[in-house]
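Structure below; questions to follow.
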């Protein structure tokens, strides 16, 4: 059977899932109880969880685009790994909601689930890339060797960061959230540095 | 009246509905009652329903793309059959929610509705394809005969699988869910096999 | 100031709003009280409202595409009329929800709001078209005269149908719903007939 | 590392977030208590908040497109500023919901949050533009000087309008809402005037 999906089509579909998952996050931001002003101020766990998740999805979306900038074709196996990857991305509003609603009460279980989700996302992303780049399977003929090796090399430390943050949730939910925020900010600024070089 | 919609435009719109329907599924994943940790563990029917529905929508989206890879033009009847098909796709978050919230209590009615929805989706998909391919009505001049006959031949067994799973819900909700999961996994791996050939 | 938006860009954005509004409808479909099986059967007002709204949005989306097939450029006024039109389209999940939840108790107010929304949508659509086509302001040089006059001629009877259905809600919510369904089915089949000619 | 994202890709992703954020607003429109007819009439704060936010998002989306019409390339820093900007855009359904549900009880805190959100959006938008246009960093070689200086000049007064409306919320929620509505209508008509010139 001829398989005719182009990388562009698959990327547009993926971009849609990224955009929807990020934008749905706001549905789980709620006022805390009390007067309006206090309820808005006390909702900071909701704002924090929203911001970390939105930035993290934004970063993973940018990385996903970098992968697609290096591939020339897709096959059904790649397509299905991508669907599984998107299934994890689209799952992220749930741990975000749990984190926001349980952080003030300790939040270790919620922060662990949150870290687990982003760890799985990093692993699925790594699987997607390893499948595409192994022996240059789906790569463009003119794929940039520095970009290709850069993506491959950055996968392990990135996953390790998320595993560390996930495990730190067993000690303290607040510690884990601080690490999630630092990871997101690190990638935002590291990304920005690329743009200047 | 001149009808100017291109297959690309219609496919982009359809892809949007697929992406939104799949991503909305997460809004119906909820913690079970109890402590946070137990509530998260006991929410497995939600996770199961989410995963099966997400994968199934992903597979049907891929199949829908295969159909569009073989057609050269669309007419208003095809457009309207496609709207009806998308109406069924966009309906799927509802049976997913019902299945997740009723599975633990037997879940036969919920599982039946779930199977009915995916059966209707398979039938609408088949209708879409039969309309487009009958006498080559909307096909490209260079449509691949193997792909065309492959889509036509795979429609009946696919529908039969969903009818079987739907009817099994009358015996047991758990049995039906197991069958839905097996069907989804079968298509994920069968699809991946294509990519290797 | 140079205004550089293309019709394609504006149409893609509009298609996104159509796809999201239609797919969000499912969030307001709920089981009726009672056992699962009875609650699912008794939820028919939800299913009816969902189906009518989804088909109606699908039809208006197709008509909106026909308008865009005839225009060559957009200006800021057209852009803003289109935003107002999309504001009405994106509003439709609300009257759909009200209709579904109040139909069984008479539903005259809900059905009136529903009719009012689709009447406003028809009017905004008409305004969009009249602005674009007046003196051929935004039309393509090779715009099809039959299509242009066809869109212009079909606007008044279409609006009248929605006004009639809206006013019938003052007599009976059920009568109005029957008319909304008939209008949607009429356009689905009338559209399909085009495809065959 | 080679960075291969095109402005078109980034703009399509942004357009998706705009379209989703605007369309999600309807999920927070609710009937007021009482009979259906009275509940619908008394829900005017919901309708008002919906309309102002939808139009404001529409205007900012149009401005964002104007920015993209002048740039030739994107870098990672621009990408990340854009993600932060979209994070504010996607946040807007929350203050809209708060405004709608608290306006009748004074609504000063809700209106202040609302103004703060749109002020931050204006600032993020300004930052995006200043980064892109500083020394012509990302501009097209044939960028239109009048458009470039027009965007730069309109940033300060636009931000000042939102700051003023935000501060007016400390006096009265109703006053602030009236100002938000006037700003939106001003931009809608000012935009339309462009189209005629």
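Every chain is named by a letter (A, B, C and D) in the order it is written, and numbering of its residues begins at 1.
As a working rule, contacts are C-beta pairs under 8 Å (C-beta built on N, C-alpha and C of every residue); 3 or more make two chains touch, one makes a residue touch a chain.
Values in this document were obtained by computation on a predicted structure and should not be read as measured data.
Common partners of subunit A and subunit B, by the touch rule above, are absent. In terms of the stated touch criterion, subunit C and subunit D have no partners in common.
Between the two copies, subunit A and subunit D, the C-alpha superposition involves a rotation of 90 degrees in steps of 5. As for how the two copies subunit B and subunit C face one another, under half of their interface residue numbers coincide. Work out the mean CA point of subunit B and of subunit C, and you get 25 Å between them.
Separation between the centroids of subunit B and subunit D, computed from CA atoms only, is 36 Å. Within subunit C, contacts with two or more other chains are made by residues 12, 16, 20, 24, 27. Viewed as a network of touching protein chains, the structure reduces to one closed ring of chains, two contacts apiece.
Residue ranges on subunit C touching subunit D, taken from their complex, read 1-5, 9, 12-13, 16-17, 20-21, 24, 27, 75-80, 83-84, 86-87, 90-94, 98, 102, 105, 107, 109-110, 113. Interface of subunit A with subunit D (complex): residues 11-12, 15-16, 18-20, 22-27, 29, 31, 35-37, 40, 50-51, 54-55, 58-59, 61-62, 65-66, 69-70, 144, 146-147, 150, 188-189, 191-196.
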